[in-house]
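Both complexes below contain chain A, partnered by chain B and then by chain C.
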Partner chain A sequence: MREVGIIAYAQSPQIRQERALNEVEMLMPMLKVALVESGLTMDDIDFVCSGSCDYIAGGAFSFVGAVDALGATPCKMESHVEMDAAWALYESWLKIQSGEIKTALIYGFGKSSVGSLPDIMSQQLDPYYMAPLWPDSISLAALQANTLLQTGRYNEEDFAAVVVDSRRKAKANDNAQLFGDVSIEQLLAEPYIASPLRRHDCCPITDGVSVMIIAEKSVATKQCERPAFIRGIDHRMEVHQLGLRQLAESTSTTLALEKVKEQSGIGSGGVDIAEIYAPFSPQTLILKDALGLTDTVNINPSGGALAGHIMMTAGLDRMGMAYRAISEGQANRALCHATSGPCLQHNMVSVLEGI
Partner chain B sequence: MDIDLDPIESIAVPIYHHYHATSAKAITPFLHAIKRGELMGHLSSATGKVLFPPLGACPESGEATHEPVILKDSGTVIGFTTVHLPIPGSKLVPPFTVANILLDGADQTCSHLISECELGDVVIGMRVQAVWRPKDQWDYSLENIEYFKPTGEALVDVDELKQHCLERAKLRVKNRVKGNSTEVHHA
Partner chain C sequence: MNSSSSNQILEADFELGFTYTRSPGIIIGKFLAALKQKKLYGIRGSDGSVLFPPTEYDPRTAASLNDFVPVSAEGEIVSWTWIETPREHHQVKGPFAFALIKLDGADTPFLHRLFCDDASSISAGMKVKVDWNDDRCGAITDIRGFVPLTATVGNF
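Take a look at the complex of A and B:
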């Protein structure tokens, strides 16, 4: 396996609504920030891969429009995934493994404020049985949360405790949308929006973009004082039909973790921090169990997706936040997780390590 | 047996999503201009090229563009096609001709209809002029121009035009380095 390091990461502030700028206009300044951090120019970038979904802002081919921000004339080697940009990173990582490229720029963007994101997300369900019923993403997450409650492993106080923890840690994250000191009692006094979920159990609607640059070891060590090397990365997917899945477990996450352990020799006991992409608070608990994380690991020091959730980059952002912690010396090893699909259908696990 | 059932060839599953979008930073001044009857492009400071319609990013340099240039409503046909099939949802009745038109002063083509001539008369290099709808119908839309019509001027050699554009763009960059003003230009 070729060693690949993250050498730059830039994220726009995770704001509730960006009224003046479109996705390209939000993206351009962040591309510059990431390139400056990497010490590379666009000419040094061998491959560009993005993650976005045109349904979110309702603009057909907005992902093609974003290519203008790259200075893509003459053409770049470019690809796109209609998935979280963490999968754009995975495609780039594979391309480096193949030996075809040495550097890749990954970006993702989401402007969720212009549409009704929970309803738009129902379009990813199967077109015959589920999508015509329009189950929105919050209701499906509530269904999953109730399944978790039924197991007796956790209660609603535990959900609230996840939110308290997220808001507190997010005070240190300049790009966070939701942060501050709240108590479990305060949160439990709030009304349900889809029982057992309250508003604060759901990630906030967010507009923003993120950009990351990765490079094969020879370039990474030259360009970056302390890259975060991807020691292992794997993703696994569960079946589409929710009724066929164990919603209170995340078997695909556990399987991906096992593969990552085989690749890296590092398990969830050997990391300092974990950045988990859980758009709903109960999912943090499901994933914590699936990843076998104990209280010795600092989970979501950035505040996680509950503090800010750029749809289509929130998974890449977990790796970006872990890279930041590693490059700034706050952590040496990080476990990262990304998810896609309803109720944690598809999960990616990776382990990052400093030199 | 299921195998004897008639196949179902279609079911109706209508999908509606409602969006509350606003125009982007670069597109907003363009829309205000077209409402006034002006065609606003953007000068790319990196390449000296005038981009019309402006998208706010120069695809060659990746730099943001915001410097407005007001263009004339005449231009040259760079390419065209005559459409004979009806387009679902379109108000246009075939056959009609769509052309890529390079507006005078611009370095990037835009697409519009060609009319007031026989279909077979449209050729590459033809000079054309915008035909605007009545002023009281103007909106924030390129549809304020109903179509372009031939002017009857001599055909333009497109290769020579391209060369001219490239040299003009270089000159714009050069003049810019000298420190020209950044007020609205009229091409």
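Take a look at the complex of A and C:
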């Protein structure tokens, strides 16, 4: 396996509504920040890959417009995934493994405030059995949360405790949208929006973009004082229909973790921090169990997706936040997770390491 | 079009929509057609269990499936979420629940709506029955939703 390191990462503030700028205008300054951090220019980038969702902008092939942010020249080999940008990173990582390229620039963007994201997400469901009922993403996450409650492993106070922890940690994250000190009692006094979920159990609607640059080791060590090397990365998918899955578990996450252990020799016991993409608070608990994380690991020091959730980059952002912690010396090893699909259908696990 | 007037603004009707039809295939198609007749079919999976609604392939072995099994219009609640204020897209008037419902004769639950008095009346294992739509066209929405087994259909 070729060693690949993250050498730069830039994220826009995760704001509730960007009124003036469009996606391209949000991307352009962040591209510049990431390129400056990497010490590379667009001439040095071999491949560009992006992740976004055309349904959010409401226009077919709207992702093509974002390519404008890269500039007309130099011409670049370019690709896109209609998935979280974590999968754009995966495609780029594979391309480096193939030996075809040495450097890749990855970006993702989501301006969710322009539409009704929970309803839009219902249209990712199968068109015959689920989508005609328009079950929004919050309702489906609530069904999953209720399934978790029925196992007796966790209760609603545990859900609230995840939110309290996220808001507290997010105070140190300059880009966070939701942060501060709240109490479990305060949160549990709020009404349900879809029982057993309350508003704060759901990730906030967020506008923003993220950019990341990765490079094969020879370039990474030259350009970056402390890259975060991808020691292992794998993703696994479960069946789409909710009734055919164990919703209180995340078997695909556990399977991906096993593959990552085989690649890296590092398990969840050997990491300092974990950045988990859980758009709803109970999913943090499901994933914590699926990843076998104990309380010795600092989970979501950035505040996670509950503090700010740029749809289509929130998974890449977990790796970005872990890279930051590693490059700044706050951690040496990090476990990262990204998800896609309803109720954690598809999951990616990776291990990053400094030095 | 009147060709005598060279500066006339041309107009044409435009209806936004899909200009093609799509077949749901022999498995899902048979299931949907049966709904029109108020009949419910699951399909037998590789391990002998009955999957409802039918899938074309077994989720574990990927084997092609074709053994349809009739299932009951009654079943029980496996999980639920009560929605006090429905969103516009939910297409329901008042509070309701999305639920995972396991029909008698099926081994897997599926997603649909549940109509009942309030959230506190729902529990795991609660018995429910299908509330059919009067107008059925071969879609999952031919089932309007589920109601408690003891309820009179049309109350919700």
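As a working rule, the second predicted complex is superposed on the first by the 350 of 355 C-alpha atoms of A that agree within 3 Å, B and C clash if a C-alpha of one lies under 4 Å from a C-alpha of the other, contacts with A are read in each partner's own complex, and residues count from 1 in each chain.
Basically, a contact is a pair of C-beta atoms (placed from the backbone, for glycine too) under 8 Å apart; a residue touches a chain by one contact, two chains touch by 3 or more.
All values derive from a computational prediction rather than experimental measurement.
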{"item": "Partner chain in contact with A:Val33 - chain B first, chain C second, else both or neither", "value": "neither"}
{"item": "First (chain B), second (chain C), both or neither touched by A:Pro132", "value": "both"}
{"item": "Which superposed partner A:Val182 touches (first chain B, second chain C, both, neither)", "value": "neither"}
{"item": "Touching partner for A:Ala57 - first (chain B), second (chain C), both, neither", "value": "first"}
{"item": "Contacts of A:Pro118 with chain B and chain C, given as first, second, both or neither", "value": "second"}
{"item": "Touching partner for A:Leu143 - first (chain B), second (chain C), both, neither", "value": "second"}
{"item": "Partner chain(s) touched by A:Leu247 [first = chain B, second = chain C, both, neither]", "value": "second"}
{"item": "Contacts of A:Leu70 with chain B and chain C, given as first, second, both or neither", "value": "first"}
{"item": "Chain C-contacting residues of chain A that also contact chain B", "value": "116, 119, 132"}
{"item": "Of all residues in chain A, those that touch chain B in their complex", "value": "19-22, 24-25, 28-29, 31, 42, 55, 57-59, 65, 67-73, 114-116, 119-120, 123, 127, 131-132"}
{"item": "In the complex with chain A, residue positions of chain B that touch it", "value": "13, 15, 17-22, 24-27, 55-64"}
{"item": "Residues on chain C engaged by chain A in the complex (per definition of touch)", "value": "24, 28, 32, 51-53, 55, 59, 78-85, 87, 89-91, 98-100, 102, 108-113, 119, 124, 139-141"}
{"item": "Of chain A, residues touching chain C in the complex", "value": "116, 118-119, 122, 128-130, 132-136, 139-140, 142-143, 145-147, 150, 191-197, 239, 241-244, 247"}
